[in-house]
Amino acid sequence: MSKDQATSTPFTKGLGFFVLLGMLLLIILGIFVSPADVNQGESVRIMYAHVPGAWLAYLAFIVTAVSSAAYLWKRTRSLTWDRIAGASAEVGVLFMGISLVTGSLWGRLTWGTYWTWDARLTTTAFLFVTYIGYLAVRGLGGTHQQRARRSAVLALLAVLEIPLVHFSVEFWNTLHQKASVAGRGTNVEMNGLMLFTLFLGVVVFTLMYVWLVLHRQRSLMLEDMLDDSGLDNALNERRAEATRVGN
Amino acid sequence: MTSQQRLTGTTVIGTARLIAAKDLRVELRSRVLLNQVLPFALIVMVMFAFALDSDAVLERVAPGLVWLAALFSTLIMVSRSFAVETADGALDQLRSAGVPAMGIFIGKMMALMAQLVVLVTLLIIAAIVLYRAELSWSGSVLLVTTGLTATCGLAAVGTLYGGLAAGAKGRETLLPLLLLPVVAPVLIGATRATESAFGTRGVSTSQGWPWLGLLAVFAVLFSVSGAVALGPLLDD
Amino acid sequence: MDDLGFIVASYVITFGSVALYARGMMRRARKAARDIPREKRPWL
């Protein structure tokens, strides 16, 4: 058994190959081949990395919420759902962190500012922090079932929280005049190649997400098993000790 | 309604009343709210004045500061409310004795809300005294309604997330991270409503009422989900 | 082209962080796999 087979299978290896190939193609198309935008100029190239990343982050959190619900529902209760939720949230936090950074770089070029208090941006930041908290709760300890139940309830509460935050920020914004954003226009007029590049980005990021979640979910399972066996070993040692003392 | 349902209904309310009374009695005896939390909230208000260093600015931001100080104090009070329960494994014993989780939730929420009302009242008086906020009669009706709705929402969320992290190691540092993002709508809504109650920047009182709707939606949503979710959270 | 730095930075941050995360994840998985027998892994 080669040791690099920890969580990989022929399928994930093939998938990983396609992801690398797609990434390369995306970089070539995004940075070199695709044209500059009429309004935005060269800065539109950030879009091909930013938009798919943000979209995948949202998808990851939807997957977390759905698998959390699947865990809480008695008929489908299984720690596999919990691990999928955890893996997806972790990958989602990664993608969301990335897209917040690339988004503010893009915003700096197009709006002339790194950040605006727009409802979508603010909600995204809140989602990011909420899921960092979610990951922290997963790390609180206790039994696997305790972890699963706590985090599943938290993931469903986030589904409740996020629309409320979005709505209240939007309501807040409509009553205050928005800071006027200077800079180049933000409209992007897409031609065929630009659309194709964006589409490719979404495909590549989706495959990347699947690859990451598959691996992460498996490695979470390994870590859970390790916890269990660690507990078994400790118990056996105790028992051995007790019999020694008894003799 | 079957007798079974009526029985559960009364036990939930009975439990809630008992738990709330117990929490408030613990509070009255230990005086943590009076001797620690209220002074903390006041010193926060004074420190804001040092940091902002201008009467005009203070008057302008007084409503926001009231609610920020209220949020920070809520964090302390929620930690405290569940530290009392988990210290001697009291929560586990309540659950294993078959006490309904919904009753525990409602009781703890009511006790927390009562303490928060005292706290917010004090903070508003502090804003009037220290920051020269002005309150009209029509404004005070809005302010009282806002205060009650917002504290109800805060108490619900606080009890829910406090129960979630109860008994886990490192919950003191985790609770603010979990709780603050969730209560953002309360901060926004209560601050705007208080601004119109105080007439800050010439905002009229009538403009505050829509924000009260937001606060009410928040309070209802989290009260209901807390009453439902605390059971599965505490079960083991 | 002033924007070049920003554009390159976005791509580097995006793919760089994913690569770093993936590397850390694989490393932890391998470490955990050392003590778990092969037949206990349902995906193999």
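By written order: A, B and C. Residues from 1 in each chain.
Going forward, a contact is a pair of C-beta atoms (placed from the backbone, for glycine too) under 8 Å apart; a residue touches a chain by one contact, two chains touch by 3 or more.
All of these numbers come straight from a predicted model, not from anything done at the bench.
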Inset, instruction - State which chain is most central when centres are taken as means of Cα atoms. - result: A
Legend entry - Farthest chain relative to chain A (centres taken as mean CA coordinates): B
Inset, instruction - Provide the C-alpha centroid distance between chain A and chain C, rounded to the nearest whole angstrom. - result: 13
Inset, instruction - With chain centres taken as the means of their Cα atoms, state the distance from chain A to chain B in Å. - result: 32
Inset, instruction - Report, in whole Å, the distance between the mean C-alpha point of chain B and the mean C-alpha point of chain C. - result: 42
Inset, instruction - Using the touch rule from the top, collect the residues of chain A that touch chain B in their complex. - result: 72, 126, 129-130, 132-133, 136-137, 140-142, 145-146, 149-150, 153-154, 156-157, 160-161, 164-165, 167-169, 171-172, 175
Legend entry - Residue ranges of chain A touching chain C (in the complex, touch as defined): 1, 3-7, 9, 23, 27, 30-31, 41-43, 45-46, 49-50, 53, 91, 94, 97-98, 101-102, 105-106, 108-109, 208, 212, 215-216, 218-219, 221-223, 225-226, 229
Inset, instruction - Write out the stretch or stretches of chain B touching chain A in their complex. - result: 160, 164-165, 168-171, 174, 177-178, 181-182, 184-185, 188-189, 192, 210-211, 214, 217-218, 221-222, 225, 229, 232-233, 235-236
Legend entry - Touch list for chain C against partner chain A, complex: 1, 3-4, 6-11, 13-15, 17-18, 21-22, 25-26, 28-30, 32-36, 38, 40-41, 43-44
